[in-house]
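Here it is, the structure in full.
Each chain gets a letter, A, B, C and D, in the order it is written, and its residues are counted from 1.
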């Protein structure tokens, strides 16, 4: 057995040991600091039949995302290739090396480092089938090396992989990146040297080995293997503290997410998992309208997660965000960036004493047999929308109770977005009380912000629908038969309705009943925020208008007659532009009754 | 130009004065009144009568709404009766508030003769005295202002810093009751109060014109008398100090006994409360009455003038002017008795 | 283009007060001018008005007098001839109208005036949504009928004016002050009061800018004699009530209290914007300034000249302007043009 | 030493250093606030103001008066719905103003000069 030992393996062994200890400690801490609700979800998934779909999801997600990087590839195939080649390639190198070792020793007992340093220790590896093994290993190494070379090019010029910008890294990450990049060339050189001396290499290592002078190989073999081992050691010891921690965290995240865990209003162990699962790929920078239009390049998800994880100051990153959720949709790891940002916004330890007592006196309305209609705060400034909805209700003979005809209690979402969690709950309590007391059939709302709030944050006993859903249903049922016009209309997906609630088809369906849809390049989940989102308070109007202009350029590319939207906020934002005609879908329908 | 300036002058009698002392001045700055009498009698050779039976004018009580108007009128009438009985016609009240009260009563009688008659009757019924309205009411500062050049002849010192040779920088403060109640009653009226500035300029000093020059010292009887309201009183003084601080005054001179006292004592209070003094070295800005200023320049002994009774000590100023004084005699009283040493303030240097 | 080319010495685009005044003065100087107006009437913006501030003189009479000047001076005048393009060719300007006819002129005076702000863009005020909301232009038309009525055709109990609709508002991109609305509101408020003395009249303003002769006096008279209430506060939103009145929300900023009231009529004092013609023609020859208005060369000494030689501007195409200012400006422009023609010799013909 | 009274603070708004600092600190957080011309449009449209006496311009006044306790109470009424920002003819970022003031007035949290100033200058 002693022939399978050499001092150069020590760095590797120590590094690996340290790595596993650190990771075990971290995982333990994260899992134990899940909050009660999250733990309950985990047990509910593990102890019921839900466990089977959960397990299936875990396996599927890990293969898809951790190894194959399907989401990144879908977003950008060159970047996907880079990530996949390194992740999958390395994984296969390890697995294949392991199997190769098993095969060679006929399943007999062997030492754990043998799979890694196989070529060095098994020098008589030149019999028939071994050539195939060697070729396979070389192919995998070549695969990884191709990824590494793309990574190196990308660090110099990001457009190589079709990404506008590289993530700005900490110096620590940069050091570690070099050690990662060195591992595979080192392995190549080490194996080539051994191949030169023993002839046990595959097509690549043997090819290079044959070119090396024997004296060089003799002198350099052990130093190269030592360097390889040392690179591995450095990388393993440091990486739990670097962005590469995502390699091990992502599977863990997938496990817990599949078991039904989601972000809470306060940071928990799950938040730590999400923070560590970010690979800082920079896809969130790519889609961010603030970066694109305003050159604000320090607030994107990647920077927020980085700074929160490492405890760096991040006031700007916390505050300056439109909360348009573009990054959440784009994130290949599926990190709930917006939720984490809300947690951070709440960290001003905002006082919670309630001063909304003045709302207590509001009486509900007996709305049995009616629907409740909630226009929302903003709709007071867009009477065109509410008046159209009233006209439509009357036209189809629907009895309704407009909850906020005169005064509106805000749905609470704007407060929540700014981190005022307790105050938002207070407003929700008041509104929920009004709605439940009224015994209305269901709730229709015109504002996607309220809609998302009512739907996700309220837990109402009645169904909540947005007016576009309502109109779509009426048209499907044939209750509403608007006249078709020759208008060409570009539809703007409001963030809160589209990315927020996945309502993409109903508005289009309704619009097609009265007009022709113009082609819009970036639409549905890629729709550009109108810039005036309530999620942001850091931007002044001039800057918001720049984002809006980008949205308008996108919408107007096909020269539509007008722009339609389904959000009073977006409508107001577009109305500010003197060269734009914008209408709410409800208005377009009401005009054609 | 001169013609217009003449419109801002007031009539001040030449001689034969009836002197009325001030409650505050004779209590807190007794040397001042003695010095004034000495100046008039010895330096200027005037006739000034110091009545032994005099009493308060009720000014503090009157302005605090404690003493009714008719009472004040009668009390004022009695003082005038003392003057009439002594055979004088020119009334000189040491206190600025008394000056204001007398001017006000005389003015009121002028417009309401029935009040004058009623007052005469009450005074006669109660004391058997009769009185004449003074021909001239002038404040002692008016008189010193009038004879400032005569006094200058006799002065040993000037308001000049002997180390730099430059004029001393002086903040002058005029009592509100001097010319703000009846603007025409003061030299330069309320618009260009010149009574103290005239002395300072004549005697070699430089008057500082700072933003809050016309602001009240903060005495305000009703504010000061109620302890809870004293915050307003001191806030006024503080406002003045903050305003004059950048001009680095060498000292403050005032013609009202109340102002002199409050500008002096509040410096101690502010120093205790906020550890803040308004000069560079932490001693505070010395506050003198105009009699003390004149007395010093005439070479009177600072301790006879009563400067040791001030809160802010005057030694640094005396050194600047070059006035000789004996530090050992500071706490030796006029009678030769050794006075008890005052307690040292916490923050203000002495 | 049908090939027919008409050659002119000075072409004046815009038959409003500025255009007509400049044309009549130039023709009196013996300059050969032609006057083009896109609408079918002369000075149609004035024609839409009832009476004029500050003297309550008749708007129709002014239009009459202006039209008379065209006749008296025998000015070749083209009504319903909308000039849509303006182009410099060598030393001449080529004008093209909607029908494709071309005109060649040595010199051009742009007097294309203003359009009123489209109040529908301020959706929260409910113009076009609530029946009781009207613009100041609509009110002039109603005043012309000699009777003030609410939605139901009755005498209104309350009429409310709101200043600065479409001006001084970054929300619609017009940061400038429209200048004439303040005094117009005062004038209209008085007229409403004269026709219907029982009606309560309110004027909501942010600042009242009574810049002209007699304006301040008119404001004072409105307060004193007509009891018109001036409230310093901006109306933020309007809603309709069950009886088809308009409910408005504002803050009386001088009292510091929110104010909610209903009114029969809400009159929006719509500001001036660069007219379509102004925007188009100014952009054609590169003299478009902010907000689409025409840009003069220099505000003090060359306010009628432009960056283009031989192209002059007058009146409300430059900035919001009252009628009298526009007329004065036109006279100044005429003087400039006469000077210009003297130094530029007739180089052809 | 206890005199039984304290020096009253001046009530007048003067362009003193502290006053200038007070404005500067606010305007640093919310630069657009300089543009306010006090038209009252914000108060008029305020959602909370429809239920209760809540005046956004008064928020500014309380701030300038240094009555931070009252200011804090006043600010709690705001629902952050954003209508005020949406009608402001000068584009003042009012939500930002309210959030910054709320955070600055928070007793348990101290992070910047703004908060230090408010803490030290309460009247």
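Just so it is clear, a contact is a pair of C-beta atoms (placed from the backbone, for glycine too) under 8 Å apart; a residue touches a chain by one contact, two chains touch by 3 or more.
Predicted, not measured: the structure shown is a model, and the values here were computed from it.
Looking at chain C and chain D, the chains that touch each of them are A. Of all chain pairs, the one linked by the largest number of contacting C-beta pairs is A-D. Taking the mean of C-alpha positions as each chain's centre, the chain lying farthest from the centre of chain A is B. Comparing per-chain C-alpha centres with the mean over every protein C-alpha atom, the closest match is chain D.
The distance from the centre of chain A to the centre of chain B, with each centre set as the mean of the Cα atoms, comes to 82 Å.
Chain B and chain D have CA centres that are 46 Å apart. For this pair, chain B with chain C, the centres built from the Cα atoms lie 70 Å apart. Chain A and chain C have Cα centroids lying 54 Å from one another. Shared interface positions of chain A, i.e. residues touching 2 or more other chains, are given as 380-381, 406, 541, 572.
In chain B, no residue touches at least two other chains. For chain C, the set of residues touching two or more other chains reads 124, 170-171, 236-237. Going by the touch rule set out above, the chain pairs that meet are A-C, A-D, B-D, C-D. Residue ranges of chain A in contact with chain C, taken from their complex: 380-384, 387, 406, 541, 571-572, 575-578. Interface of chain A with chain D (complex): residues 315, 348-351, 353-356, 358-359, 362, 377-378, 380-381, 406-410, 412, 414-415, 418, 420, 423, 427, 534, 537-542, 569, 572. The touching residues of chain D, counted against chain A in their complex, run 31-32, 45, 47-48, 50-52, 73, 76-77, 79-83, 86-87, 91, 93, 95-96, 99, 102-103, 106-109, 111. Those residues of chain C that touch chain D in the complex are listed here as 124, 164, 168-171, 206-207, 232-237, 249-253, 256-259. Those residues of chain D whose C-beta lies close enough to touch chain B in the complex are 1, 3-10.
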